[in-house]
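Naming follows writing order (A, B, C and D), and every chain is counted from residue 1.
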Amino acid sequence: MEETTKDLEGVVFSHEEVADGFRFLQIRIDGHLPCARPGQFVQIRPSRTTTTPFLRMPLSVSHVDRVGSTFGVLYDVVGPKTRALSDMNEGDRIDCLGPLGNPFPDVPDDARPVLVGGGIGVPPLLHLGTHLRSTGMDPILIVGARTAGKHLPLELLSPASEHVRLATDDGSLGHHGFVTDLLAQALKEEDKPVVYTCGPHPMMAAVASATESADVRCYSSLEEYMACGFGVCVGCVVERRTQANSPYDQFTRVCVDGPVYDATEIVW
Amino acid sequence: MSDAQQVDLSTRVAGIDLANPVLLASGTCGYGEELEPFLRLAEVGGIITKTITPEPRSGNRPPRIVETPSGMLNAIGLQNPGLEGFVEHKWPFLSTLETKVIVNIAAPTVEQHGEMTARIDALGGVAGIEVNISCPNIREGGVLFGCNPRASADVISTVRRHTKLPVIAKLTPNVTDITEIARSVVDAGADAVSLINTLVGMAVDIEARRPILGNVTGGLSGPAIKPVALAMLWKVRQAVDVPLLGLGGISSTQDALEFLITGASAIQVGTATFVKPGAAADIVAGLGDYCRKAGIARLDDLVGSLKS
Amino acid sequence: MSDAQQVDLSTRVAGIDLANPVLLASGTCGYGEELEPFLRLAEVGGIITKTITPEPRSGNRPPRIVETPSGMLNAIGLQNPGLEGFVEHKWPFLSTLETKVIVNIAAPTVEQHGEMTARIDALGGVAGIEVNISCPNIREGGVLFGCNPRASADVISTVRRHTKLPVIAKLTPNVTDITEIARSVVDAGADAVSLINTLVGMAVDIEARRPILGNVTGGLSGPAIKPVALAMLWKVRQAVDVPLLGLGGISSTQDALEFLITGASAIQVGTATFVKPGAAADIVAGLGDYCRKAGIARLDDLVGSLKS
Amino acid sequence: MEETTKDLEGVVFSHEEVADGFRFLQIRIDGHLPCARPGQFVQIRPSRTTTTPFLRMPLSVSHVDRVGSTFGVLYDVVGPKTRALSDMNEGDRIDCLGPLGNPFPDVPDDARPVLVGGGIGVPPLLHLGTHLRSTGMDPILIVGARTAGKHLPLELLSPASEHVRLATDDGSLGHHGFVTDLLAQALKEEDKPVVYTCGPHPMMAAVASATESADVRCYSSLEEYMACGFGVCVGCVVERRTQANSPYDQFTRVCVDGPVYDATEIVW
């Protein structure tokens, strides 16, 4: 990707399974430096695609390697689109539209970033954590998964944080329970935390409510079904909490108005 | 390419001079602004705005979209800024475009169509008005007019009375006999007919045992519906004498050609833009190539050239 | 699988006892014989014969089929051996099957439906009669009845008068309001309603600039139309009280579940059989698995379980 | 394939390009000996297929290797289905329904088989020629193509005949002209020829008319659009020449009543 948003054809640079079902895909687009910022996403699909699967799939950019001139996505194989993606081999061509959406806002200088991710919500936080560390910050990364095998390996998590805290629903790794338990602890420990979160809806709703009660700022990156990904279909909406003056503004488009929102803006 | 091989893709449809016969369909290109980074709007023949209504609308509750085999369902519910919001926030950008802008309208009552038309006419610079009597996702107006020949005619004749701009009626495929509706809107003064809008469809989440869409049903679009759109075009082509704007599942040059050959004077690219924002421009280029290869000098030699 | 986990897929639809709710759709399984090598017919709930007409029919000129995105068009035109040919050549095999056989009929006039019914009733062993008032590929009868509530009712009440067998009306989706037709056939005595038949569609050969099908238009079937079928099922479910047989694009267990949950008492597998002759049997197995996992003991607990 | 017609999953055993666009695909089905007879076909598609392409594609069996337990098809990449097939790699799984249709009838003992093929009609004739030679016959094989590059290589043609005669429309290889010219010559040379043909419709029509005038028996293998391939859809019909007593018999199903017909039975 160049410095502006474009629709370009890339090539699969590497592709491997990194956890149970989770795959890491690196893409290179000739002549274009990757430029996605943390929180931004791409709309991708194999270039040689039929009409089923039909639409592209939005995936957060998890890695940007400006030296190798590649960018990476991490995805879980959950349905037809991700299954088709998982069939791609090195050298195969892939349509990439992006970078799309708004990045996570900057962290105030004196604040401690606390990143809370679950499932397919972890990838954008890896990008964010790595970026924050490169600016001298020291983020905490809290990650939840159903079970140990679904956790990304530490070599993928650790570049994003020196303080990785894991939870599993079944207790097979790390804290037995939800990320919100670990979040509550972190909020107690930290003087001036700012929370960044992405994950399944119930998790993000719980994080939003915990941070609101604690009066801590929380930025949530939402994942909604998307058709276009660039604002024209008005399909990817969520409801705004603060009623605007026009009914036109009741729903906000996650792809162009988000995907990152202040958690208090949204009806969870 | 030598000049001798130059193909003339320009065409005049219902009094609108188009640089080429490829338009962007209503509801799939917003009001142009978000698409411009991916598609130079000056390259397409025209853009048809997302439907505007007299008042702003919030649209339906999400989820609003779901993918289906070779297509998608949408139940947006005409989220739009309303007529005045359009004039204030969307028209300024649109009015600067070097392509034709057709404004698509819908309203809950027949009379309001007239009021909207007068206001849009007064803007100056609008190329035409497409009347959406075919939206399946709203509770009043839309398809309720479009399924009934009388109501369709009432809406169109009201619009007709309020403007000298070309008036295009956009028809729904969810009817027993689309030629009946086509005849009645033409009799009521439509200069052209667009067809088709979406087919009513539904999808079910078998784990939650719920409809996937917030609105239960939605409108089916994309390649899946192309055969239906072509059949309706073919029937309407034999029923009325005004130019037809064909759409429904057009994603490629090949698709566009099927519609042009069957008798569409111009075509609209809808859902395909979501998958490939530059699809419409690719089709413009592809049409040129096809005509060159087939030795067709003017678009008109292609339109309606279907042998039987 | 322990007995405790046994799921009862049997069901009684319109007075027909089915071992399971998966039937083979008319026109996609012939008269059974050609399919038997690939699918043990005893494994499915029932088989619905290719439509028979009073007289033998040659069908339409080829090409009769063309693939479309996630579907196909057909314009067979009811090639069939006629009523007597059926009785003589097809029924002997069918009558030996250990599954329910529903005979599907169509005729050019209302009266002929009655005559056919009497003859089929007299065969003994037929489980029910499905009346095809929805074929889009013939010039008389078929969809001409099915698009009109009055004509539909005339056909069904005539069939009704000639038999005590269960009567199933098969509806077309090519109408403005399918609930209107559904209500009128139920009032006329239909014990159940099948929906949907194919959508009218067309495809064009852009090199030859001709329609691909010999009959110009054909009927669209396959996964592409599943959303349309589900929406119509959902509407009809709220309009009438008889059992519904859902079909249109069902290829997998997941598809079948969408229809059952939306309110189909049984489902029919059509075009999918062409792609995978064993599809219907796979779906029977898949339904058992789903019910076991979801803790559903009887099929009836699933049918119409859609939450709103 | 076993001795009866079945729907089974096979595995790609080998797959290579053998002429311009033409590919040779060998399939093995574990536990099943291939049993297709010359003229029979299979309905195949990649097992992991979406709904586009949707239907299977009929391909004639061109090779049967009972020792290696594989069967082969030769196909030209002409559209979406054959393109999807061409993406298959060794080890990929492929659904195979077959063998379908009726084989070529036997050659009378004292007759000389003349095989006339063009384009994608050549594969079944290779199977036939190889089979005839294994029974001690000495078939002549006449093959036409648009241009030299479209001709199958001799190592594929020669097992089917020691007398291969080539024609190209553009004169780039062999006889400059149509196969019918070469056929006319063969019919003149041979005492008691029997013709077997498969190829584009105009070619087969010309062959049918030439053999009919010469009063030579000709078996034509037809290729029509198919949906099911096993007789239930009634989609693959051609018109019969001899009007039957019932209109029901005006059209015949190529998949189960054919694909091989006596050329005089068909309206060309």
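FYI, a contact is a pair of C-beta atoms (placed from the backbone, for glycine too) under 8 Å apart; a residue touches a chain by one contact, two chains touch by 3 or more.
This is a predicted model, so every value here is computed, not measured.
S.K.: Given the two chain pairs B-D and A-B, which is bridged by the higher number of C-beta pairs in contact?
M.R.: A-B
S.K.: Quick one: report the Å distance separating chain A from chain C, using the average Cα coordinate of each chain.
M.R.: 46
S.K.: CA centre of chain C versus CA centre of chain D: separation in Å?
M.R.: For chain C versus chain D, the centre distance works out to 35 Å.
S.K.: Among all residues of chain C, which ones touch two or more of the remaining chains?
M.R.: Residues 68-71, 222-224.
S.K.: Could you tell me which residues belong to chain A and also touch two or more other chains?
M.R.: Only 50-53 qualify.
S.K.: What topology does the chain touch graph have (line, ring, star, complete, other)?
M.R.: Topology of the interface graph: complete, with all chain pairs in contact.
S.K.: Would you mind writing out the residues of chain B in touch with chain C in their complex?
M.R.: 68-71, 73, 147, 174-177, 199-204, 206, 208-211, 216-218, 220, 222-228, 230-232, 234, 249, 254, 257-258, 261-262, 290, 305-308
S.K.: For the complex, which residues does chain D have touching chain C?
M.R.: Answer in residue numbers: 4-7, 45, 51-56, 95, 97, 224-239, 246-248, 250-251, 256.
S.K.: Which positions of chain A touch chain D when the two form their complex?
M.R.: 48, 50-53, 80, 84, 87
S.K.: Once bound in the complex, which stretches of chain B touch chain A?
M.R.: Spelled out, the residues of chain B in touch with chain A are 27-30, 34-35, 37-38, 50, 55-59, 61-72, 74, 76, 79-82, 85, 222-224, 251, 271, 273-278.
S.K.: Sort out for me which residues of chain D touch chain B in the complex.
M.R.: Touch residues, chain D against chain B: 50-52.
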